[in-house]
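Chains: A, B, C and D, in written order; residue numbering restarts at 1 for each.
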Amino acid sequence: MNFRPTIVAFLCNWCAYTGADLAGTSRLHYAPNVRIIRIMCSGRIEPTFILKAFKEGADGILICGCHPGDCHYQEGNYKCLRRFKLLEKFVSQMGIEKERLKLEWISASEGKQFAELVNEMTKTILQLGPGKVKKTLEFEHLKTK
Amino acid sequence: MSVRVQPELRSQLIQFGIGDWNACYHCGTCTAQCPLSEEGFLFPRKKIRLMQMGLKDELEASVEPWLCYYCGDCSTSCPRDANPGELMMSLRRYLTSIYDWTGLSKKFYTSELWELGFIIVFAILVVLSFLVLLPSMGYHFTRELTAQGGVQLNAFAPIHVVETFDWCMAAVVASLLISNILRMYYKIIWKYGNMKVSLWVHIREFWLLIFNFAVQPKFNKCDDKRYWLSHWFLMSGYTIMFIVIVVYLPWFQTQKILPIWHPQRLLGYYATFGLLFGLFVAIIGRIQRKDVKFLFSHISDWLFLAMLTLTAITGILIHIFRINGMPLATYISYITHMAVLVPMILIEVPFSKWSHLAYRPFAVYFQQLKRYAVPRESGHP
Amino acid sequence: MEEPRIGVYLCWCGTNISKMVDVEAVTKEVSTLPYVVLSKNYKYMCSDPGQDLIIKDIKSHNLNRVVVAACSPRIHELTFRNACEKAGINPYLFEMANIREQDSWVHTDRSEATLKAIDLVIAAIRRVRYHEPLQKRTVNVDPATLIIGGGISGMSAALEIANAGKKVYLIERADHLGGQVARFDLTFPHLSSAQQMIGPMIQRVENHPMISVSLNTEVKEVDGYIGNFRARLAQKGAEQPEITFGNIIAAIGLKPFDPSVIEEYSYGKFPDVITSLEFEDNLRAGRILTKYGKEPRNVAIIHCVGSRNRKYHEYCSRVCCMVALKFVHEIRAALPEANIYEIYADMRAYGKGHEEFYAMTTHKQIIFLMYDQQKRLPVIREAHRDDDCNMLIEMNELLSGIDIEVPVDMVILMVNMEAHENVKEVVRTIGVSLCGNQFFIEKHPKLDPVATTTGGVYIVGTCQGPKDIPDSVAQAKAAAARILATIAQGSVPVEVTTAIVNESLCCGCQTCISVCPYSAVSYDEIKKASVVNEVLCKGCGTCGGCCPAGAITSKHFTDRQILSEIEGIMSMSY
Amino acid sequence: MSQEPTKPKLKLAIYWGAACGGCCVSVLDTHEKLLDIVAAADLVFWPIAMDIKYKDVENMPDKSIDLTLFNGAVRNSENKHMAQVLRQKSKILVAYGSCAYMGGIPGLANFFSKNDIFKRAYEETESTFNPEKTYPVTSTSVKEGTLEIPVMFNDVFPLDQIVDVDYYIPGCPPQSERLIEVFSAIVTGIGLPPAGSVVGANDKTNCDECKRKKSDKKQVRKFYRPWEIQDDKETCFIEQGVICMGPATRSGCGVRCVEGNSPCRGCYGPPPGATDPGAKMMAAIGTMINSNDPDEIDNIIETIVDPAGLFYRFSLPGSILGRKVI
């Protein structure tokens, strides 16, 4: 079967999610592989969510917040950036390609940029192949639930 | 090299027709719907642009105004009522004055005094020739009728004298017209751009000139076909009349009343019909002003129609009076006929509206020459 | 917690969704999921019959959770929450899946879009299971209003509010009221005098008992939240007593583009190349003269200076075309013989009476010359020694394709409207967002163009984007009406999804305290735990995103809810 | 601790999987209280202290053991087998200690594959001389028959990934005092939380008990490893730039490491509000980075040398990712 990547995107409500909505109202077409989760602010996004999404089988993860200086909550996006950078280091230590985790700033007016970002990310993930987090443990030993 | 805009050209151009072309905002609807506009020879929009900017050299090198037969669809479809059709008409008047080296054309177009004065002076000269010159040469008015009961026209208007005069007038008119066409050629082909057209192309494409003169296929490409017919009748009638009067006058202006099926009479009737039909359509159109092409009438348009109508009617009267043996009426009609015909031919053919009979077919010919002159890489064969 | 009973509703949105998503298949797919009592679809869920369907089902099937898969929650979340409330369940026991803006409208493969819709609906179902009922809260509204900016927008809003008998603090940075309009001579398209319009308005504002005007004044800091703001002002640097107010209108206006960055126009180099605003000054002074004191015989007006050009600003300033045409009228009236050139990139005459104004102006013997904004700007050069003009404009005339030169004595540059230079400062103090062009961003571009995403803060006039006088005034009055409505209500609802601390888990590490941008979290020495001031909290959740013990989280965005959503979104993943 | 004479004595089993033995020692560390344990319970199985064959355990009736303390992670087929046997034989199975609970220190092997480990152990270590590249095999034929040794798995598993677990007692090792408390609760049946709970630890994390001075000024521009800095012995470690797992680690140990002026390493595992203590700690530490400039943030993160090892020292196999992707 062809590899159809799944990308989980965490978008802040005010900029990125609105930008993704704008891509819709502008009828910009992009790859259908992205699954969007709305949070109020990128500052809410914590490593647990990212690792969980990887564990559930996400092949790539996008985090999008407001551009620096434009955060609806003043500085949440900077907090997100700090955590992201640390998480990025951790994730590569864990053998997950850095390219599978991406942080981009998308403003409410950047529907086009969002569509391009999704397409670009999908292309990257297609090149990398399926994520291996879900299948890395020896399943046969695990208890059956 | 940049061309400098000349806003002052406007003041010259407006004398040739309606003055305000600023209404045009270059949507291009006119060009898009014109069946005659084609790649490489786009109009009317592009020409309006040149007028707006006052780019004199570019305007004078334009062949396109002559490719327009003024169906008026562009003016109807213009969202801004900029009257592109009429602007093309004005441009044709302007170009006629540009081709004319004597400067008279411009005078006639831009000054009613000049035009009317010229007509009146020549009309008087014609009348005087009949009343003074010819009698002094021994040609007199006679009440005597021919054996068939027709009027002795040649006694009053001796055929060889009139013919000589016709030939002289034809020579003057032709030399003026030919020199104007050469100037037209110079401006369109020779001077403008860096074009070269081989002699062979000149010869090979010459048939186009004849063909277009005779058939006016371009006019028939206009969506409204009615005017092609009436115009063709007018043109063919006029041409036949012109040829028989100037070239075959002795054959045409006879005292003998020929049988009704004789080619002389048939040709005469056809020409008369053609003229009258064409004139009728044009005059009714200009009076009704329903059709956009007749919406604006320059003084030169009316004068031309009036003179041609008068010529045609007097021609008919001459014929009727002559075969019915009414000498005085025949002579008066004849003098009137000539008094209108002479200034009309002298003004209209080289200097004014009538010159388009030469400029239009030549424009099609020059267009074809331009096609073969344009470098290959610009997309033309 | 009671057993969840979830009702799932899919919207066709006419054909907007159903064209690309097999709504029927999704309905069936999710109908067997745990806790799903029923799943239905309907042509327009947001319509009254659509909402009634939900209300009826909640009552008859005893539903306690509702999922609607339709458009963006940014559009109809509130609609459906209200429907839930009407049916007697807490509005927060509702979740929306966005299968229009983020699915049917952006994809072209029907089966992929359908699969995506299934994922999104399952995610919503998994999430809503963990939703908790939340209670609405309101705060009282201080009836005073702070208006920043004394231009025509600020003054219009001020008069509207003050005429309703409510206090207005009008703050202006300059030493006079009137803003940009005070610089204009005539206005388009009626050619009426701007001075006669703005002068009496300034007087009315200055003499109004309910408006307190502070000139030479800037806002130093704004604290508080909708209904209850307080600000520190500084007049000529000197601190003023603190004021309190319930709403804010930002009307800080614009900055004219500085054309000296465009080399082609040699602004600043040639004295007779001037900006549109400088020309307005000339017009108001009643003299159109070159720097040599002569009447210009050739005047060129260059449009789109700094506008619609990727190098400067991509957006259109909207008013310059009409202002340029207005100049034509004024120049023609003063100099009947002059050659006037309109050098434009596109003529935009969108407004009421504008097209007519444009058509009328074309008959003023103007020469319109078009240039290609993206490829080649016109270049202004010094005239040759033997030319009888001051300068030459060299350009490629787009409509004829001919390279031309235009002799000119005076060039007017129609400069773009830029965001005010003060904008970052104001953003910081009042907490609104900027779009890519540094204009304030409105709450909703269509449905809420005067509010911002910060409650109680409104944006009017050109700080929101280039606009003309009537649009600015309309926006100002709209904002005033919005504010008067909240004042009339006396109270406004505030954020419900605030942060909450589980005190039995909080260890008191205080990591959350410094991350809060609103100082809503503090450490309680007695409880030895963090506590949240719910009035200050705006619910961003950054505190929850940094708590090492999982003790603080934001309501409606708890770990459990988001993790379930992730599980749901991935549950069908291939 | 006293025991009603009428009640029959409990049957107690203690087993070690992949463990260091410290957990077994922690049982002995109850000192004289051990006597109470023995008074209340019969030890039926305890490999470190008693000689009993696996066969004997396998032959016990199901649910005949009242309480099994399983320490150590599941690393090989033997561990797995015994986990399954003990689950079957025990009424209450307790994951005892960090290894059984979350994978513990042996769980750090999940940063490598089995092959990596074998290669290192049998070829690359400086003290190894193995030119033939002999690797252990699980089955060897000798004269007397076939010898079998357990198969080492590729992954280290916490106990509850292999069998259902009733309670977890965290710690490396668990505090003996906590063991006594839990044991007495089990014996008396009083104060025992629902199955699946962590017992022998508190809900709040270590900061709650930590005596060091804390403030909201947790903004760090450089992180230090403990030996890189002169600890002032009174300020919160994190505020000094030393990463301490205390905020994300259950209290119950008595903050012993910090009391000994060493930052908490996280052996007690996550509090109830968190599933993955490493992720929670990364969230907190990441937020404390005192810069908004991407490059500067990178520089500060450079000073956190091994985030994976640091944040998941005891919890890797039980964490969300479980192991390094190979």
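The criterion applied here is as follows: contacts are C-beta pairs under 8 Å (C-beta built on N, C-alpha and C of every residue); 3 or more make two chains touch, one makes a residue touch a chain.
Just so it is clear, the model here is predicted, and its values are computed rather than measured.
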Per-chain Cα centre nearest the global Cα centre, belonging to chain: C
Averaged-CA centre spacing for the pair chain B and chain A, given as whole angstrom: 78
Interchain centroid distance [CA atoms averaged], chain B/chain D, Å: 110
Whole-Å gap between the CA centroids of chain A and chain C: 27
Separation of mean Cα positions, chain C and chain B [Å, integer]: 65
Sequence positions of chain D contacting 2 or more other chains: 274-275, 280, 283, 286-287
Contacts with 2+ other chains: residues of chain C: 515, 542, 545-546, 559, 563
Where chain B touches two or more other chains at once, by residue number: none
Arrangement of touching chains [line / ring / star / complete / other]: other
Residues on chain D engaged by chain C in the complex (per definition of touch): 203-208, 214-219, 236, 238, 246-248, 251, 270-275, 277, 280-281, 283-284, 286-288
Complex contacts: residues of chain C adjacent to chain B: 339, 341, 347, 359, 362-370, 394, 397, 399-400, 402-407
Touching residues (chain side chain C, partner chain D) in the complex: 502, 504-511, 513-515, 523, 528, 542, 545-551, 559, 563
Sites on chain A touched by chain D in the complex: 46-48, 51-52, 54-55, 68, 75, 78-79, 81-87, 89-90, 93-96, 132-133, 136-138, 141-143
Touch list for chain A against partner chain C, complex: 1, 4, 6, 8, 13-15, 17-18, 20-21, 23-25, 27-30, 32, 35-41, 43-46, 48-49, 52-53, 56-58, 66, 69-76, 79-80, 83, 107-110, 115
